[in-house]
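Presented sequentially are two complexes of subunit A, the first with subunit B as partner and the second with subunit C.
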Partner chain A sequence: MHNSFTKLHGRVKVKTTAQQEEEKKKEREKKLKIYVAARDACFAKRKEGIKDEEALELTQQLLSSNPDFATLWNQRREILMHLETIKDEDEMQKIYESELHFLESCLKVNPKSYGSWFHRGWVSARLPRPNWVRELSLCDRCLSLDDRNFHCWDYRRMVVKMSGVPVEKELEFTDRLIGSNFSNYSSWHYRSTLLPLLHPESPDPKSSGDPPSSQAHSHRVCEEQLLKEYELVQNAFFTDPNDQSAWFYYRWLLGRADREEMISCVYVSRDEERVVVGFSRPVNVNVFILFVEVILECLAVVLLFSIVLLGTIQWSTNVNVLVFRSELSVEKTSVLQSELQSCNQLQELEPLNKWCLLTIILLMRALDPLRYEKETLAHFETLKEVDPMRSAYYSDLCSKFMIENTILKMEYAEVRVFSISDKNLTTLCHLDQLVLVTHINLSSNQLHRLPLQFAMLQCLEVLEADSNLIENLEGLYHLPNLEEVLLRNNNLQPLASCPKLKHLDLRGNPVTLSDGIEAEIKALLPSVTKLLL
Partner chain B sequence: MLDKHADYIAVYGSKKDDYEYTLSEYLRMSGIYWGLTVMDLMGQLHRMNRNEIVEFIKSCQHESGGISASIGHDPHLLYTLSAVQILCLYDCMDALDVDRVVEYVKGLQQEDGSFAGDKWGEIDTRFSFCAVATLALLGKMDAINVDKAIEFVLSCMNFDGGFGCRPGSESHAGQIYCCTGFLSLTGQLHQVNADLLGWWLCERQLPSGGLNGRPEKLPDVCYSWWVLASLKIIGKIHWIDKGKLRAFILACQDEETGGFADRPGDMVDPFHTLFGVAGLSLLGDEQVKAVNPVLCMPEDVLQRRGLQPDVLS
Partner chain C sequence: MAAEELPSEVDVVIVGTGLCEAVVAAACSRVGQRVLHLDRRSYYAGDWASFTFPGLLSWIQEQQQPADWSSLLQEGEELVHLNQSYSSISNLQVHCYVRYSTCQESGTEPELNQSQSEPCTETEGQSEPCGETEGQSESCTETEGQSEPCGETNTQSETGNETEGQSEQRRLTLPDLVREGRRFNIDLVSKLLFSRGSLVNLLIQSNVSRYAEFKNVSRILTILNGNVTQVPCSRADVFSSRQLSVVDKRKLMKFLTSCLDENDPPTEFVGRSYMDFLEQQSLGAELRHFLFYSIAGATEDTPTEAGLASTRHFLRCLGRYGNTPFLFPVYGLGEIPQCFCRMCAVFGGIYCLRHSVQSLVLHRDSNRYCSCLYLCPCLCLTCLSPVSLLCLTCLSPLSLSSVSLVSVPSLGSGFPSVRIVELSPSTMTCINGTCEYCSTNTASTTTTPVRHLTLSVTGGPSVLWSLYFNMAASSEVEGQELPINVHMGSAPDSALGHDVTIAEKIFQKIVPDEEFCPPAPNPEDIIYDLESGGPEAPLTTSIIHTHTTFILGNVGEVSCLRTQ
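What follows is the complex of A and B.
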């Protein structure tokens, strides 16, 4: 567990002579004696239940050098609470004022001590006549020394809440901090919590695009304010294009509310006794099972009539419209267009700026994913070159976009063939959109595995996945209709079990080198009639 | 070097009269957990004084059921978790009054689902993690209101997909580790926006290969662990450059004394030694045991307790 262990950070190791070492040792022994005596005196007082000013004095000595000694703060609180029972309000006001004074000196020495900040909050709340204005100005001073001190930011939020500082005032405060230094992630973060409170997204579904939901409201910002905010962020990243704070914030501003949880697809097969349900968002498995029960009830009537005729029932929403505006919001195209222009301008000045490149990609996708496909791919290549440490991230993101584009290109949702070979795919996603696909071609990509989500492809009969880096077939365990699997030139070790599998091509895999492999496969997969090793 | 690291830890625990050692008494229980865990990961747990440690833990359990950092200190969730983790390593949970530990944890849950660290009421998502980690190790998760606890942690999710100490607090790698760990133990990882959070986390890697805990901060071995473990939990560990991180962690070793520091050239300590070695383990180093990213304990210890926290694939 991590806790207040700040003292162990950033201590540079220095070489010392034997004599210096000896002197230091003596010095430490002396300090140890004093420290232990003071600690024992505090503990003794507490054990005897003595809650006097001397105990306050003793704990103060220790805490001023070691503010992480949490038990001593507890002891002080016990003493202070005891004093409340024997002193009048004015006296307590004075005692607590001096406690705040002491705390200020502690915070000067160690501005990142959890114990000191918590105690300050505790004292401020118990003060007979609290002075929140002073507390707010303490935060101002502290943040002017270190504008990223999260303890102080959290204390500030408490003060703001206790004293009812209006949200506008706090937003102005972040204006000031950002105005003096754009590179201030803490301030941008604070804005992300304040803006939706002050300028919530309009409840009118016409202007927001999506049907309103409580969740969308609490996190999104109205369009008029967004436009102003874009300007502020652009000032920031034109001033310092390498400062990540503004870019993170910008991606959030451009983003859209989470999609509402809904069922995107249901597939029921009587022959295989299976129900497949696709959701718009990841769901918990327990909830999932509950959902299936509900759906089965709802569909019962439909099933009675249709199964007789078809054997299966399929239903899915119009995927193309719903799914792939996923990253960015639905503002007017003209706004996104002008944002893209600004970023393109910046990119001309800073052709290798990764933040700008990534943002351009996201904007292009929001505007027209297919029209910009070529440029997007080129930008991804540049990204991987200028930021090789994160090339796997860019590859995965690019794979996701390529899969989305391929789905978009399928003219009708009913198309049963999904082909996406030779696109440098490193990951598979959106498989829930492909429930009805019978033939999938993933050949010549960089896939390491067929994920468990492959189980969504309940109608799949033919899988082509030659020339990838596939290591195992865990994703194929639950595919009842699979008839042909092509897995030439991969990295396969173990084997899967599919009852209908007839044609299996495993040439060029390490697994083919092991003894008795043919007999083993035939035992595992009795229906395979064409086996290529 | 592993032998040197083990020597460093073995000796560290024997310098009880040292000034610096005494100053850190307020976190002793966690200190012992760090030391023992790294020893276990290196296959050297037998070098530590088991009886002495178990007796020490017993003497730190209070009336309330909670456990303190050391004798004479007050109980706290931080040290309650550390004590339970140590007893898991030693496979002797019966040294504690387990029912009372469970009562203690339960008693610290607030109406909004959050957890106070102790009876004084400091609220932090770290304590939400401590609470569910303690209960998971004891097999008593149902003692608390898990739904409420989840609700609170999710209310601390930010615009960048990360988590802070309390609702409205800025994202921080240490808190993200606690919150993703919490969501793993409560089976709620599907609530995380793994693509967004994973991007923020992999952007913590700096040119030196080390990871920082927040944007524009210095790299540090312990943040390397928190970021790396979080990435592992959300299934995106491949988004950082493993080779460069490994080189950074190895550069933080002190080749003379053993042990790891926060950054190359700084003083070593048991805290960074654990997170250095645990980081190497997550990166696939086969000289040390496999570490669990959620509980930062050897996988074999958790298997013994029948515990396998979720991670996204």
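What follows is the complex of A and C.
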């Protein structure tokens, strides 16, 4: 008993949770009443068009507790703009400075408030005598608390632009941010915009013919700086190979080269009244029309002759070698080779790192796609295993590379037969490079469809696509020379129409099971003489 | 001793205001126990204290002239002796490298210094640095390169030749140090707070952290091949490190990541040295050095499992408050026990410095509650040797950061690896232009190597003043049953971090059903009940009931306990 007395005695009494809850509830209700009253007053003033300092005061009260009330920010801007018309510059300076001060407190409530940041940008731009140094230090403070606050990044970019901070300073700034935490896309990206400004690639004699506009927008960086950047980013991905931001920056560093715009192939056919022009990179329609006109004018005489004589003319260049490699860069082979070496080094330490594997594949392709084909395929297999979520992406990418390799081989051999069977292709691409192909063999792959771009194959006579997963023939339109289609063991449902089709092998497809299929096909494809069902 | 102001009835009497005792006091007081907290000293925190420079000088004097309390002992029915003159400090040495004065401003200091000057020759002449280094020549062979600059700077002070980049710094004299002395806060022990350690958790959990302010240790340094090198320990450090190759970076990160998983070490390494284990991990010598000395804080005989455990602890503490796993309290470590005392006082604990328990009433009939304290000066104690050094502006790689931890690897037998904490003026522990180096280590050797290595650390910052001493560590009172209402606290140990689990255990023995240091309520939630909160009536004699618990802080408070 004595004990219990002494224990109770002297103990600090604390309110129970129920008491505290009750008090908090009352407090909340009281706050809500004030809030609602203030809001109504603000709305009333806006309705009546009263733009006085009292309204400014009222909106300030509300916004300081809820800085995401966009309507109130608008109202505030209306009032401030009105005040600008009746006050002199010094007074406005004062008002705007207090506005900035108020905004700082709002950002403390919510550092990612859209309204507050936008308003700050608005005020800073209107301030008669802006203090950009202070704004920059505010941004630095915010970024030191959260280096990925994109609102702050945005605002900072604006401040930098307005105040003309030298690019070198900004590059140092990214150095600092990357140094404290390199898992930050914003910093790396910012770097990628600064480097071409600060260290532009020295004018290349080859590119002197380029239009001036494309040079001004050059995204290339001089080699000396590039080597430093490679070192920096390697430090990042060796430290943490699972961090994507560094790998993405690395890809940017490696892949700055724009393909040169040029014609890769021209095909003119008098019989079909067609002209096909292949370009090395996507062009917009206006440019295309221009090109066609130019070509037709320049070559008209020569072509006309040939067409009259031969009926068709084909011309293609061996530009593909360059086209496929420049996926990454036209950087010196030695540099790429050493980058490949360091990636291989990392891969030895981290054999299952997907970023590393993918980068190795890209580097190998940039260096020599045919020589590294075997390694590339093996790496793709590992990639599919370690990153099953993206296995379809890897399959597509691998298909693309296999097609590129086959095109290269075909061009080296100077034949018009394109054969790529049993390579686990899941998608077809680069069909624009195959305009002159007469015989294509796609059998024993994983293709689900023949894409619309298949119509590019204007010279195609024989299509072998047995043992795929093809579901329809939507790509088999407008193929004037197509004579033979082999589609055994696919997933075909309906049929397409090709006027010259004579030989059609559809054995092992569900479509063969339907009644009257033969008559239907005959109707659809009148020239088919050999039909295997 | 006068006790008329003390309450007549308390639940817990705590003697000594060291960290452990202060935590128990706060915890007990927080759950309503009436706490009487005494310390025979005139300052808080006992061996954990931080002193101003004049405070430290008088502390030194106190250690050298043990006060004679015997005349104050009282007779009682059951005579109980408490060792009042016990000092946990031994082997105290003071070295002063600055001039005593340029002009005699404060008269008392020279006397003070003369009383300490026996161990060092420099204090007599203005400076004879070479004599000092010669005295240690057998121990300097490995570091002679480093010992030279120190000699040079000392010579400079003699000749007044200020060529060596320090000319902007006026030469400090001892009176300068004393005059500015109130701005020093020199810790007796050197420790850091692991940012996820038990002390930090307790500070947060109990809201005691409100009373203090902390700085993040900014860098971890080590001596590698005679150079001060920053240890890359966090991800950002590894990334920006210039000395590691990318492959080393990967290996280091890989090893550290694997340490984070709570895997037991391979069975073949259990019980074997951690260094052996590291050597098996295909890590370069440099990486092994970082991992072994700085990250694991290991010594030559650290077994693998302990090395891995401390590495894991280090890594888990990273990133909570910054790029290193440590915090340091602004104004020194002595703040922490005081913060807990403050919490205790807020909840009604009663404090009395310069007081200690003189006698305890023994209940003969009931064996359970009787307790009795006897003098017994010869306990076997393990020794620590905390070293405090004051240095002038440090050289290049240092100076910018607020707190650094420097691990100095072993330099062979007689030179065990040590860890030194460097404190800059921003921690409010020393004045501008100076820097404080502290180190607490288990001392199996003399103190000189520690100082010597400290000099080698910075490539020779000129030492202004230094102090070495050995401190008794807490030890189990073996072979003697403690009365169940008597608990022993703990003295500072030589580990880098703090351990407050002993305090928690004591608390649970006293009040098993109560929560240990629950968060202190907000002031607005406290109900002040004026009726029952009146002051206790003062009594002339102190009655301590059998239910009262005693917590005796340092072994220094009582050298021996024996049931009668």
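Everything that follows uses one rule, which is that the second predicted complex is superposed on the first by the 455 of 533 C-alpha atoms of A that agree within 3 Å, B and C clash if a C-alpha of one lies under 4 Å from a C-alpha of the other, contacts with A are read in each partner's own complex, and residues count from 1 in each chain.
Note that a residue touches a chain if its C-beta (ideal position, glycine included) is under 8 Å from a C-beta of that chain, and two chains touch if they have at least 3 such contacts.
This structure is a prediction, so every number in the text was calculated from the model and none was measured.
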Touching partner for A:Y249 - first (subunit B), second (subunit C), both, neither: first
Which of subunit B and subunit C A:T71 touches, first, second, both or neither: first
First, second, both or neither for A:D240, with subunit B first and subunit C second: second
Which superposed partner A:Y477 touches (first subunit B, second subunit C, both, neither): neither
Contacts of A:R28 with subunit B and subunit C, given as first, second, both or neither: first
Partner chain in contact with A:Y185 - subunit B first, subunit C second, else both or neither: first
Subunit A residues touched by each partner, larger count belonging to subunit B or subunit C: B
Shared subunit A surface residues [contacts with subunit B and with subunit C]: 2-3, 7-13
Subunit B-touching residues of subunit A, taken from the complex the two chains share: 1-5, 7-13, 28-29, 31-32, 35-36, 43, 66, 68-71, 73-74, 77, 114, 118, 122, 148, 150, 153-154, 157, 183, 185-186, 189-190, 192-193, 219, 243-245, 248-249, 252, 281-284, 286, 388-390, 392-393, 396-397, 400, 451-452
In the complex, subunit A residues that touch subunit C: 2-3, 6-15, 20, 178-182, 234-236, 238-241, 342, 345-346, 349-350
Touching residues (chain side subunit C, partner subunit A) in the complex: 9, 11, 31-34, 235-236, 238-240, 246-247, 249-251, 253-254, 347-348, 521, 525-527, 529, 532, 547
In the complex, subunit B residues that touch subunit A: 17-20, 22-23, 25-27, 30, 33, 68, 72-74, 76, 78, 81-82, 118, 120, 122, 126, 129-130, 158-160, 164-166, 168-172, 174, 177, 187-188, 190-191, 195, 198-200, 202-203, 205, 214-217, 220, 222, 226, 236, 238-241, 244, 254, 261-263, 265-269, 271-272, 313
